[in-house]
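The structure's right below; bear with me while I get my questions together.
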Amino acid sequence: MNDLSKLSTLTRSLLRGVGQVMFQDSAWTGLLILAGIFWGSFAGGTPQVAWGALVGLIASTLSGMLMGIDSEDGQNGLWGFNGILVGCAFPTFFDDTWLMWVALIICAMTTTWVRKGFNNVMAPWKVNSLTFPFVFMTWLFLLCAKTLHGLPEYGLSVPTLESSFSDAVATPDFQDIIEYWLKGVSQVFLVNSWVTGLLFLIGLALCSRWAALWAGIGSAIALALAFLFGADSTSISAGLYGFSPVLTGIALGMTFYKPNWKSALWALAGIIVTFFIQAGMNSLMEPFGIPTLTGPFCITTWLFLLPLYKMDVEEKPDHSSWSKK
Amino acid sequence: MNDLSKLSTLTRSLLRGVGQVMFQDSAWTGLLILAGIFWGSFAGGTPQVAWGALVGLIASTLSGMLMGIDSEDGQNGLWGFNGILVGCAFPTFFDDTWLMWVALIICAMTTTWVRKGFNNVMAPWKVNSLTFPFVFMTWLFLLCAKTLHGLPEYGLSVPTLESSFSDAVATPDFQDIIEYWLKGVSQVFLVNSWVTGLLFLIGLALCSRWAALWAGIGSAIALALAFLFGADSTSISAGLYGFSPVLTGIALGMTFYKPNWKSALWALAGIIVTFFIQAGMNSLMEPFGIPTLTGPFCITTWLFLLPLYKMDVEEKPDHSSWSKK
Amino acid sequence: MNDLSKLSTLTRSLLRGVGQVMFQDSAWTGLLILAGIFWGSFAGGTPQVAWGALVGLIASTLSGMLMGIDSEDGQNGLWGFNGILVGCAFPTFFDDTWLMWVALIICAMTTTWVRKGFNNVMAPWKVNSLTFPFVFMTWLFLLCAKTLHGLPEYGLSVPTLESSFSDAVATPDFQDIIEYWLKGVSQVFLVNSWVTGLLFLIGLALCSRWAALWAGIGSAIALALAFLFGADSTSISAGLYGFSPVLTGIALGMTFYKPNWKSALWALAGIIVTFFIQAGMNSLMEPFGIPTLTGPFCITTWLFLLPLYKMDVEEKPDHSSWSKK
């Protein structure tokens, strides 16, 4: 390959890495998602989040290249999707110092081989590690904000014992609800912006209407449950109950099962369970002062994939890059 | 089958589900245990616990029927035993609202396929998930009591940092000790009543004297250790150190190993270790304000089964429904 | 065998058990390490730690003999290395009562079959449980210090919510730094003494210069990172950031990979990641008031072994006792 074609291959791998966070092996979807991240972080006055996303994406992809593991994974963007999430999380929760960037690059690079290791562990049960390499490594690094002066926190909550509710349930109007619903989608990349959520949905629809549909359903059902069960209004209005169910919806509704009425029921059940696991894990993380990240999505999706439930309908054939070990 | 015989099959499956919490594949044992639960919860002024037990049992059994997984498991009551425990736990720790009943049914139904998934994971090492599907899902839902207004807590402790002992060691007389010992058995189903404990022991003896014997030994040794090592008197008098060792005793003493002097020593060691793991986990759960449930039993039993220790005596032949994957 | 030769075999097994904590299958290394433990604990005014080490070592080795599992493991010292660590930890963190010694013996004996069980679980991925049987069981027992009057704590920290830094970053001179660096090695056995650290390094060099080198590098890099990222000076000066990276260095640099430039880079990456996981876990354990023990080493080493990364250079041939399941 000449240099130009190499660069084009690399660019496509990187953009696919963005799309793979939402299970879409498509550079165009990745491009629109990236646009959404840039829009949301610049509009929100935290441009370092967008740059962090890029740095994390590149670092974790380079890590895969240097190690030379599973280059097919690399082409499909499976090296980059954990790294971009690390890159979104670090500038969101840490102060913008040079040591933070060092830590971000170390953590993002690590996710590439941690993913390989976790996937090796899970292979016998035909599940994979999803975004858990990002979740696991970022949890451990975020905890350092409490013990290392060099990594001061920026947006982390204060560790508390959860014993009383901080605020009342909100009474939003219709426009608010649409906004919260779209923010539920944008928070997949830790962005708090309804415009970004809209760009994400458009990006998904470019690659698969089913993906866009299940993302929308996931955020909508979680929002309804959050109102019904009286979740705190700060979390609701920031879309923090939506992002994990969005991913569960895409995972169960169209990625790991072929779309049909049985898998639709299964995905709906998954979305409902994700909501409760999200609420429970919010409480679990309180004494540590760190967020759940996409942990609730990972746990729920595993709980729904591990039974190896067959549904009488044959499973989706094995051509998605996600079915590979 | 005609309707009457179907109903009779279903009833037997449900009652066996009650018995299977204590590893007994017997409808009669189940019936006596159920009687014990009703007695204990009505006598304690919390009849909702008994109704919850029934609802959870039915919901998780229905879940297995709807999904059509492993119908042999269903006939042996292995769909229902996690569900009945969910049904005992929710009205014990949550306030009695209609949303609690919705959450109870969701959680109980979930345990059926979570059990299947966990069992798939553990199959290569010839262990199964025991009551952990109940423990895991109930932990996550109980944590929601701190974050969802719609699921207010009722009997949960306030999250605290464990740093000093709340009360002195008690000096009970002989009658008290018998009572605590029987409550250690009744707490397997979260019931605080010595009459219930007695009914459970009788129910066990109906199916297997070994099971009743090991249940009694488990509770007795744990009680002795709790006094010797100075556990807090509130927990001792409510039988809260007894229920996990009771289950470990039955599991190691007669379920997964044939009763003989070597397995007896092994079961005794298991009961002792369960006591310490119970005390340790009590401390671990303090900052979250949720109970250990039967987690200490699950962890200890796995620690004693995973070595695949053979004992020179051949293992119990494979005809128990618990040996099946 | 006559009695004398039996005794000599037993002694060699015990001493190898000491050496195996640092992956060295050598009685001489074990002897020097034991000397270091005795020196450090007597000099520090806590002789019970040295006696605890001996008792734990003997108890866990006896446990393996009684059960008759894997006698080759026993000869190689793989029964004893978790037990000696339990024996160092209990008198360090618990008050010196007779019940503490009972608990120490129970816990140390347990580690032998827990190790067997954990190794069974991990065998399919060609990793083993390292010192995790010690870590896991000791965590659970240490937690009991908060719930059992009979096991009062001695050197445990008070459970807190980590929200502010307790002290400033130190400005040590060169002699201090050498001391902290050697304490990083001695803390592998929970001993806070630079002389002990020196004895450990000499003991390692007796068996393998690579092992001594990587132990030194591990402690040095962790120390540098602790200063760079501003860890608290109390932990730095006690060597508490060093002991896990020391073990990761030996594990990745010369035990599980043949020493070459690629595995050297891999081990360096492992040491760096161990530092962050140590800092993160320090924060994670705060609400429970228990130490991380060698947990960060275990987790990092698994993260670096599970990818089964091959390095183009063939892996070390299978003659180390650590490669055996």
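To keep things simple, chains are lettered A, B and C as they appear, and every chain counts its residues starting from 1.
Rule of thumb we're sticking to: a residue touches a chain if its C-beta (ideal position, glycine included) is under 8 Å from a C-beta of that chain, and two chains touch if they have at least 3 such contacts.
This structure is a prediction, so every number in the text was calculated from the model and none was measured.
Common neighbours of subunit A and subunit B, by the contact definition above: C. It takes 120 degrees of rotation, in steps of 5, to superpose the Cα atoms of subunit B onto those of subunit C.
Interface note: subunit A and subunit C, two copies of one sequence, contact each other through mostly non-matching residue numbers (shared numbers fall below half of all numbers used). For the pair subunit A and subunit C, the distance between C-alpha centroids works out to 36 Å. Counting partner chains per residue, subunit A has residues 124, 161, 287 touching two or more of them. The touching residues of subunit A, counted against subunit C in their complex, run 67, 69, 99, 103, 106-107, 110, 113-114, 116-118, 120-121, 124, 139-151, 158-161, 287-289. Listed in rising order, the residues of subunit A touching subunit B in the complex are 124-125, 161-163, 165, 169, 228-232, 269, 272-273, 276-277, 279-284, 286-287, 302-309.
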